[in-house]
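Take a look at these structures.
What follows is a pair of complexes built around subunit A, which joins subunit B in one and subunit C in the other.
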Partner chain A sequence: MADGTNVPIGGLAAASPKGRKTAMQKFAQRRSTTGFLLCLPLILLVACFVVYPAFYAIYLSMLNKKMTAFVGLGNFQFLLKRHTFQLVIFQSCLFAITAVVLKALLGFTLAHLMHNIPGKNQKIWRGLLLVPWVIPLALSTLTWWWMFDPSYSAFNWVLNQFGFANVPWLGVGWIARFCTIAVNVWYGTPFFMIMYLAALKSVPEQLYEASAIDGANAVQKLFFVTLPMMRNIISITVLFSLITTFADFDIVRILTAGGPQDMTHVFATYAFQVGIQSGDIPLGAADSLFMFPILAFAAFFVLRGVTKRTKEIAA
Partner chain B sequence: MTTPDIAKPNLGTTTRRRALKLAAASAALPLVHIRTGRAAGKVSIAFWDHWVPAGNDAMQKQVDAWGAKNQVEVQVDFITSNGSKNILTIAAEAQAKTGHDVQAFPTWEVHNNADLLEPIDDVMKRLTDKYGQVNDVCNYLAKVKGQWLAVPTSSGTQYKGPCGRISVLKDKAGLDVVGMYPAKAGHTAASDAWTWDAHYQAAEACYKAGMPFAIGLGQTSDSVDFAGALFAAFGAELVDKDGNVTIKSDKVRAVLEHGQKLVKVLPDDAVSFDDASNNRALISGKSALIWNPPSAWAVAKRDAPQVAADCWSFSAPSGPAGRFLPYLPFFWGVWSFSKNKGAAKDLIEALLQREPVEERCDAVAGYDVPPFNSMLDFKVWEDVEPPKGTVYNYPLRPFHNAKAHIAALPAPPEIAVQIYNRGTMPTMLAKLKSGQTIDQVIAWASDELDGFNR
Partner chain C sequence: MSASAAERRNAVAAKRRNSLHSQRLWALWGSYIALGVFVVMFLVPPFYTLVTSLKSSAEISAQVGSPWLVRHPTLENFWYLITYPNFQRYYLNSVIVTILTVSVSMVISVLAAFSLSRMGFWGSQTLSTSVFLTYLVPPSLLFIPLFQIIGQLGLINNFWCLVILYPTLAVPFCTWIMIGYFSSIPRELDEAALIDGAGYLQMLWKIFIPVAMPGIIAATIFAFTVSWGAFLYPLAYLYTSNQMVLTVGIISDLIRGDVFQWGKIMAACLLASLPPIVIYAFLMDYYVAGLTAGATKG
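Let's turn to the complex of A and B:
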């Protein structure tokens, strides 16, 4: 097969009046050119709404509070010395890592259960389990907030029916942390489930048959067939979810707004409070960019591993 | 007799002189002020989206009438404060240096955007000459380096004093709030006894009766404003007017000692309250008192009329340093990048005349408080019911012997905005509620305050 970069698209080729193609026509007929032109709207969108804001945020994070002088990494140094920001780093890591691990475990379990449901029933269950992921997050979080509300909490009503006392769901630091993580897990698990289910369906049945002939039990099949075959999907899913969970804003903002006593703030909510509400945009930008190098570093190694394994499989 | 042909002008001939005259006349045409449709250009204005829909309608009507009268095309947008959308819009316009000509700036936003606002002393002078001076909080929030950068408005401006259940406070705590603050002008001796100690005793009695004061210790504005009034009443400043951290003082210790008692009789999840939690507690009949403008009462009037009929707004308790009532003003300011500053200022001035202010105040059942004391004689606060006179003492009146206050005043605004928006004062109280000692709380707050001064 040709590599595709220099193959003219026959049907679209238009000859010059003299029967010879100009350089421009040749350029336009290249498949890579067509591909580039088709991608151009997306590239422009990404450039305008992702690349430009990202670089602008980096620029802002290096200005002083009045945005009149360049301070280099001064804002980052300042943040690192603040006790509240140290708490934010801890909570962001706790929130993201706990939530991603729980989502991965639950998603994996659900995908396996789903994979073993035969016929039409699987479609029904799959649809039902995707509901949390389909509802707009801000809306579903509001519903959770109502259920945790001090005056009208549905959970407390149920507890009261069984004779238990009210629980201040969002009023005590560790309980509030648990609540924000639980809502994130509720929302994000269907994404893991659907990705893992797709991966499970692509594992060749012959591998299981071969391992069964070799006498492998269910656990051995899981660790020596299923997991190795799903490694790429697991890596990419975890990476993607880690990035989005670290950047989460809606859940914490709606449920606790960072409280009680700053004990649920994550980078995004703290950046909003410092940058927008308190009028210190450079400090807010520095806060929001704090995880960027770490996540970029993680993304590089995870994606490199995925590429390496893909090449091994292809070979 | 016939006229010789030579005397008639030859209309078909174009001479050089005629061409010059025509060109000069055409060039001079724009200099003549012709009042045609929209001759005075366009103005766009962003108002705070009032929680009472009738408030927006009244505003729109007034703006339309002004636009028609002055031949100005006015674009009006009502921007909600839900999710801080108004603050986000202001930040976006400040960054892009384009957007509306006039913005409604809540509390700290005038200082946050001082470099991008058009001085508006001329409008303020005419308004104050006519209606009298505005209070110290307005001066503190909108006058920067001796210049007014925005005009205090009535739209959205609110006091946040106590709103209590008449019968519950009387039965459970022996507090006659109607007797203390009747719906008529004049000071009462009973109101002198309305101190922070009396407030605590009433809170304790109601807590024991299962009707706690729904006072938040979260980080949203209701919690901050309450804590600000408490700290001010004890003279407890976290940062002084020169920017020095003054938290390690006897007055701060005194207010925390009072706070240590008070937090024990507040709801268990007071630390997670937002600005709606207190409203819900009152409306659901689970609380004897909240600190809030009459919005909670207005919703109760619709959803729980028996609760609304038992509500009474009154002034804040007094402490060793005086009586301080939480006050949150809104301002209207003109961006320096506005393309029609003249018309923008004219519109602001027109909307702050007594008649339109009263009309809007009537439309929102007295929620909006005018910035000028001379306008506190509007009938609406006497007439609103049930019960009649329930919001008579909602605006600060001279005989209340109180001062309008915003939390963190008198710290320099660039520090105060952080104390306010980070909820430093209610968080100190929340830490007391979680069992921390006064020394631990002061140590934490001291570290926070050092970080605000950069």
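Let's turn to the complex of A and C:
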């Protein structure tokens, strides 16, 4: 990575004769100037469309609905008192945590199963299992919506064949919550699987041999060899996924649009409804800003994990 | 006597080998069966998309028998979409937006990654950390202020705004992947190039890009995936059908009020998922390698 290659050059220059020193310094300077210029498009893009909007969001969230007066933290207070928004907070946390835990468990199981079968066949199975993750989420959610459709539901037909009654999939709050989580798990599990599979392959075989000689059984191998070796990648993947799941928009928007009785709204869909559809931009901005502390918290742990790993690798 | 002892020992060893062998075999078959169950579960929605897309509207609304089977397969939904001007428009818009997004993102991120992996300048370490942080910013956090900004730029309901905004989602991760690949290139290579009198851009073009081709492919696929499948930005910023891209176009055009033309919607989903499926079918290995390396490397 950027480890300051100009430093050794500078050190070399200090020891050499005067004329060379300036040439070397010029070289180092040119190198860093070129480096900066090459980064300029990236810096501009991030500054104009990520950093500036972030501060602009804070400013927007402190205006009144017509954006004519400054109201301080009024929008945040208003949101927190609103019953719908309390539901939004609850559902966002429930959605993100349940979905991530399920994805992590299923992904882990799948990775282990994949690891058991010979490498030649892994490619085909992996290809098949990655299909949910390959189809654009907005489009596959449409199919789920169609399968949950109240009058034509394909799932209800199967239930009827086994003698069960129809289930109002998206019509009753808790069932609809379950459906949004199920779709997210279906979509996200393959990602966990490939991450874990890569991690499993990186565990050295000698460790298993050593533990086998010490008489460890399969469960002990899992808990004392596999999991500690994979701890870093598990935590990083989980936190990554926590961020994307927490900020999810597509599934809830298409499947339920927040209903029934606002019970499936998450931060993103509620911000869309309030800010874009009802035109109350400051309130929408305030709503999506509520995501920020939670995302920052997760990002902090991701970064800490990443830097710790880098240090371990360097050591 | 010694022969019989050796025989006995051999027999014991063979027996143990067999039991180990059968145990392994059981584990193998168990894994296959469990994987098979998962594959079936995972492939139910795509299968149902295909089945529905082959049905006529009459067959869907008749509701006789199993919805999982097609009785009179027909391609009329596909034909309708292919000859439907709006759908052609969405497809074309998606293709234009994606090609531009991918090119812009790749140029920005390859240049930045080259600089961040090889040329230290003041603040370059901070910059690579903040690139990583930017990747963690989800689109749903900033779409409301961006709505105002896009409005001030006069780009609301204009698909060019997507060409500006999608790179913000693709560039951070692409840069991250490319930094990893570029850092793994031995420094002897660039020293050799410098001695031969190559400039930095020549070095990038003639050495780094060819050597890091797998990384470039992975990053390109990521940028493609982001811009082909994004839903929130086009839904929020585009509202007339001549500007829409596929993801929003299908939803807003084929669903009118309470009339759902499910056969057509499903056929449209299939046609729209075709490019990603084809790309992944051929280049999956590169993508998976880039993704796992990008996330596991520091």
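Here is the rule we use: the second predicted complex is superposed on the first by the 264 of 315 C-alpha atoms of A that agree within 3 Å, B and C clash if a C-alpha of one lies under 4 Å from a C-alpha of the other, contacts with A are read in each partner's own complex, and residues count from 1 in each chain.
Everything that follows uses one rule, which is that a residue touches a chain if its C-beta (ideal position, glycine included) is under 8 Å from a C-beta of that chain, and two chains touch if they have at least 3 such contacts.
Since we're looking at a predicted model, the values are computed, not measured.
When both complexes are overlaid on chain A, the residue A:212 reaches neither subunit B nor subunit C. In the superposed model, A:257 makes contact with subunit B only, not with subunit C. Contacts of A:281 after superposition on the shared chain: both subunit B and subunit C are touched. When both complexes are overlaid on chain A, the residue A:83 reaches subunit B alone and has no touch with subunit C. In the superposition on chain A, A:229 makes contact with neither subunit B nor subunit C.
In the superposed pair of complexes, A:139 makes contact with subunit C only, with no contact to subunit B. Using the contact criterion defined above for the overlaid structures, shared-chain residue A:169 touches subunit B, although it does not reach subunit C. In the superposition on chain A, contact of A:182 is made with neither subunit B nor subunit C. Touched residues of subunit A, counted separately for subunit B and subunit C, are more numerous for C. Judged by the touch definition given at the top, the superposed model places A:292 against subunit C, while subunit B stays out of reach. Residue overlap on subunit A between its contacts with subunit B in one complex and with subunit C in the other: 149, 152, 253, 272, 276, 281.
Within the complex formed with subunit A, the residues of subunit B that make contact are 83-84, 87-88, 91, 95, 108-109, 111-112, 115, 217-220, 267-274, 277, 280-281, 284, 286, 414, 417-418, 421-423, 427, 430-431, 434, 444, 447-448, 451, 454.
Subunit A meets subunit C in the complex at residues 1-7, 31-36, 38-39, 41-43, 45-46, 49-50, 52-54, 56-57, 60, 109-110, 113-114, 116-117, 123, 125-132, 134-140, 142-144, 146-147, 149, 152, 154, 157, 186, 189-190, 194-195, 198-199, 202, 233, 236-237, 240, 243-244, 246-250, 253-254, 267-268, 271-272, 275-276, 281, 284-285, 288-289, 291-292, 295, 298-299, 302-303, 306-307, 309-310, 313.
Those residues of subunit C whose C-beta lies close enough to touch subunit A in the complex are 27-28, 31-32, 34-35, 38-39, 42-46, 48-49, 52, 60, 63, 66-68, 107-109, 111-112, 114-122, 124-125, 127-134, 136-149, 164-165, 167-168, 171-172, 175, 179, 183, 200, 228-229, 231-232, 235-236, 247, 250-251, 260, 262, 265-266, 269, 272-273, 276-277, 280-281, 284-285, 288, 291-292, 295-296, 298. The touching residues of subunit A, when paired with subunit B in their complex, are 65-66, 78, 81-84, 149-152, 166, 168-173, 176, 253, 256-262, 272-273, 276-281.
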